[in-house]
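Please find one structure pasted underneath; my questions will follow.
We call the chains A, B, C and D, going by the order they appear; numbering starts again at 1 in every chain.
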Amino acid sequence: MINIFEKHQPTEMYQIVNERGEYNEAALNDLNLNNELLQNMHYWMLKGRIMDQRFLKLHRQGRIGTYGPFSGQEAAQVGSALALSKTDWVVPSYRESLVSMIHGTSLKQFLSYLKGYFGGNRPPEDAKLFPIQVIIAGQVPHAVGCAWASKLKKEDSVTTVYFGDGATSQGDFHEGLNFAAVYNVPIVFFCQNNQWAISTPFEKQTTSETIAQKAIAYGMKGVRVDGNDVLACYQVAKEAIEKARKGEGPTLIEAVTYRRESHTTADDWTKYRSQEDVDAWVKKDPIVRFERFLMNKGLLTTERKEEMVKQFEEEIEKAVKDFEGTPLPPAHETFDYVYEKPHPQLLKQREEFKNRLER
Amino acid sequence: MRKLTMIEAIREAMEQEMEKDQNVIILGEDVGVNGGVFRATDGLQKKFGEDRVFDTPLAESGIIGTAVGLAMNGMRPIAEIQFLGFIYQTMDQICAQAARMRYRSGGRFTVPMVIRSPFSGNVRSPELHSDSLEALFMHSPGLKVVIPSNPYDAKGLLISAIREEDPVLFFEPMKLYRSSREEVPEEPYEIPIGKASVIKEGEDATIATYGGTVPMVLKTAQAFQEKGINLEVIDLRTISPIDTEAIKESVDKTGRLMIVHEAVKTGGVGAEIATIVSEECLYSLAAPIVRVTGYDTPYPVQTVEDDWLPNVERITEGVENLLSYQ
Amino acid sequence: MRKLTMIEAIREAMEQEMEKDQNVIILGEDVGVNGGVFRATDGLQKKFGEDRVFDTPLAESGIIGTAVGLAMNGMRPIAEIQFLGFIYQTMDQICAQAARMRYRSGGRFTVPMVIRSPFSGNVRSPELHSDSLEALFMHSPGLKVVIPSNPYDAKGLLISAIREEDPVLFFEPMKLYRSSREEVPEEPYEIPIGKASVIKEGEDATIATYGGTVPMVLKTAQAFQEKGINLEVIDLRTISPIDTEAIKESVDKTGRLMIVHEAVKTGGVGAEIATIVSEECLYSLAAPIVRVTGYDTPYPVQTVEDDWLPNVERITEGVENLLSYQ
Amino acid sequence: MINIFEKHQPTEMYQIVNERGEYNEAALNDLNLNNELLQNMHYWMLKGRIMDQRFLKLHRQGRIGTYGPFSGQEAAQVGSALALSKTDWVVPSYRESLVSMIHGTSLKQFLSYLKGYFGGNRPPEDAKLFPIQVIIAGQVPHAVGCAWASKLKKEDSVTTVYFGDGATSQGDFHEGLNFAAVYNVPIVFFCQNNQWAISTPFEKQTTSETIAQKAIAYGMKGVRVDGNDVLACYQVAKEAIEKARKGEGPTLIEAVTYRRESHTTADDWTKYRSQEDVDAWVKKDPIVRFERFLMNKGLLTTERKEEMVKQFEEEIEKAVKDFEGTPLPPAHETFDYVYEKPHPQLLKQREEFKNRLER
């Protein structure tokens, strides 16, 4: 594998497949990916897009709560997530639903989160996955601690933490990265620079030309990668993960991508950005680009794609229907996870609450 | 008179104070072009320019910390914290810095700053978007904490807050932003900070509340009225400093006190109110004090919040309880 | 039995738990080579190595935030915040993160972590080095808050805290660190969290207190004893959750309650205690509840602190006041 | 004036006068300082050292409270402070007593702070000076706000904020620098990297080779300067201040120096560092070096120095004696500066407090 970290300045953007589906032959050969992996990348990106659009629709129908879409960011999420082993930890924010699913969350579980069921944010027992974090950058030090614990326990596990461009302005980002470098913990900081933090564009977020160069403040490696190029994302993430695994320190990855939809279903992007801005990025769509590449390579046909779309739509439809029959967990469970054992006052409150609801 | 929603009243207060005093500026996440996630600052950047209304980087401690410095050097910043759940990030800058600068500097510096933040529940928002954290600031001398419950008060209180020489936290119950339209005078006016408002008179018991629970308390009290029970309802409006006189006066009259708030019970504003009464009106009390509040758990998921928060049923039960002692 | 100071007892608790469980680690500013600014961790890095005791960069939110992650992935971190006045920086990581992780994840993750921090006054320290901020954490479900007042309790409570599956804040009154030596058993032992201790029995009135004011309350109570007045003194030891049973039992017996703490009055722990009593033992009360606490100002400069804090004179006056009602 | 910012990488250390008192002729000529300024630099450095040592003694005698000495850091403080105009703002931490005095605080005022008098931390009315900050990095965003206000009011004022190496690990440092760059406010971030944060050495504070390079994270200029070289400090500060004044943006300056004494009078450095470590830095003493330079230039004689020492000692002695006769302000003033007007409960508390003390 080529060591892009050596050859690459944090201010340049690493790319393998460009917007037209043309690729860097040498880089690709070096990567030496098998077809199964390539098809898996496509599988998840396409499924992600369909799921995401479906959730937006479910929200409009009043069937789920606030939802933060990720359309346009599939390459960054899929590329990085597929670079992980099952024994590696994932620490997500609210926009990495696709990563969480690749790493083990079921559609059902995620629906229960979106519907506001108690326990909806409970990662499955066997997934090395943190719950969704709402506080911007709050998860960054957690991830550093998680990676640090792996190191102390001499486990062969690397932690990848996800956050956005806006998160890099927070103190917790700074403190987290500094700790990670000082203790040399096995972690990858994966920033999806989707150009927006709600209505705040990247240029107003920081005067820094790139996010990758912020790594210099911690004596850390920083890499900028085309976040709409799933192969480049995979490659960069893989290299950073293996570097971390070997004890060679953390990496800050900036995946340059774009949030095509509104921030969440509670937001309206027409208030603060133009159609042209969006259109310019739609041209760089990660899925279209990768499909061109796959078709060129003979790994995908239009028919196969249509089949997949249909299959995903059915799968999601079924999951939603199934889920909608699920009874709510009893409301008084809300008292059962505050402490290992509820203290006497809490028990009393629980009784009162339970009795009232059961009346 | 024309009628405004609470969010319109809030925007108008800021607009008028910005017209009056060019040192009044606004900063916060998404407050400029976007006009705030609830549109509280809609149109203000357009009207007053990018030198008066600032979209900030995503950093709450930075927002409050720079606002402290702005205020110390002559400006009157209004800082928005997008949701109150994010205010934990700024506790040092609020409680150890803004609150103490006058004291620290022996009066050489003051921090005339307003921190606005939407809060409180029943609106189906994600985790940490509905928490009522006002009590944390009641325990920090140097701060004032104001919570309006209707459009008229919102405008007058916010104008007073902007004109204050000390830092004021101004917390806005989201569910009341657009829940009703009420008459709001066009011209600027002040409502004094630190003064409660008796919004319904009665002799049988006192209910002290503020913010998001005011309408439901009033509704409950009206229902009791029809049954011949006259409840006095106090809208505190300011929770720091608390208008102890208003509370004592009422309890001395009614002999019974219930406190309603959304925040978790233990260590909430209700505890301070109950204590003031048990220190100073003990002999007036005909019945134990009752609190109807959030439970001592983290703010729950959407499907549970309506049962977890004070609601008409819980308040009614509380009143019955309060009146059951003879 | 050999006698230890409180700081020695604290160090011993950590040392023994680190011997017992290799997942117990320590992190904080200057806790390693320097052994902590009060020497609480003296010698522990030498004994257990740099892989168990970590000097951290100067970043409190980073300390607590990484400790949360450490705990979620199997470690049992003991994090030190050098002085409690700096804990404001960590409020998000404590109250919105550590406290809620079990809840958020529906029980999938727990945060078995202890946050140790020296606090409280009478020691002539600079600004923000003596503040009593414990009440801020009482209002955050998911946390436990423990405050020892003597070497024996300190060891037993800290061992319990380290063994807890939930985050425990362990606040240590600096002035008691070396103020006395007391018998402390050599072997590890637990003192249950959430249980108050009646340190002096009496029938005439109850004084509830904790931490730095315990010795002076006891001293005052003993002085009253000589005058034939029998005060009951409760050392709360845990302020979250509060041992309401112990308080109620005592007040039901004595009919009078005074609360003493160093923290500012409004919104302090005293308010919650008084309220519990006014909700549940109102009919036992023969006199209004009295609070003797810090005043509602920022913690004052050294030359003022002894007058500002509860002291024997103020406590005595409070008791006289409490007993004056017939 | 040469533009060192253009020629200089943040990882190199700028120096004019070296440890042996030898100087860079070209740089010095370029600076073109008059003798009065040179003597003023010496005046303040020497006075600072004597004052500092005197305070340590006063503490040992139990005559003042906790004190944070600055011996060894005189060049950094004096060089930067003399580069400021009286209309420029200074925002200090607890270790810049010398800067505060140069910018307008009296010895008497400072003594009243050290003795724990109420009002001891009140900067004089006519000094553009913030009170001493105890919370590490807490003052950084304040300074940014202060500079921002100057800009909004179109005042010709630059803010300099002081902090240590340890402070750069704090979230407030990060958030402050980012805001400053985004709003392009007239500010200079002056970090005295004195190698230690209490017992924590710089190498454990961050993996970054320098502090100056942390500026890169904000698209900001960063400069590293020999903090024991008063001329270099003056020059770098001056240039940064004038750059800020012209609206050309903030600068992060790292002045590389050393804390010779313990952290404060409550600390004991023998617990965590060696005599050799200290000795190596004593050789680089900022005053010895500058005196050699001045003597070479014929601007100072041994006799003159001895005279100055004597004069400073007397001046300080007198100030201390005078101060020790000062009565304490009435304790109840503690209630008068919480709010503009105390609220009713506070007034009641004030009365109770006052009555008790007057009994």
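Definition applied: contacts are C-beta pairs under 8 Å (C-beta built on N, C-alpha and C of every residue); 3 or more make two chains touch, one makes a residue touch a chain.
Since this is a predicted model, take the numbers as computed values, not measurements.
Of all chains, A has its CA centroid at the greatest distance from the CA centroid of chain D. Each of A-B and A-C has its own count of C-beta contacts, and the greater count is at A-C. Separating the CA-averaged centres of chain A and chain B is a span of 36 Å.
Between chain B and chain D the centroid-to-centroid distance comes to 41 Å (mean Cα coordinates, whole Å).
Averaged C-alpha coordinates give centres for chain B and chain C that are 30 Å from one another.
Shared contact sites, meaning residues of chain C that touch two or more other chains, fall at 56-57, 59, 61-62, 85-86, 89, 92, 96, 103-104, 127-128, 141-142, 241-242, 266, 296-298.
Shared interface positions of chain A, i.e. residues touching 2 or more other chains, are given as 118, 120-121, 135, 169-172, 174-175, 178, 182, 204-206, 338, 345-346. Across the complex, chain C is touched by residues 89, 91, 118-123, 125, 130-131, 135, 138, 140-150, 152-153, 171-172, 174-176, 178-179, 182-183, 336-340, 343-346 of chain A. Touching chain D in their complex are the following residues of chain C: 29-30, 32-35, 37, 55-59, 61-62, 85-86, 89, 124-129, 265-266, 295-298, 300-304, 307-308, 313-314, 317.
The touching residues of chain C, when paired with chain B in their complex, are 85-86, 88-89, 91-92, 95-96, 99-100, 103-104, 127-128, 133, 135-136, 138-139, 141-142, 240-242, 263-264, 266-272, 274-275, 277-280, 282-283, 285, 287-291, 296-298.
Those residues of chain A lying in contact with chain D across their complex are 169-175, 178, 181-182, 184, 204-209, 213-214, 216-220.
On the chain C side of its complex with chain A, the touching residues are 25, 51, 54, 56-57, 59, 61-62, 64-75, 77, 92-93, 96-97, 101-110, 141-142, 144, 164-166, 194, 241-242, 244-245.
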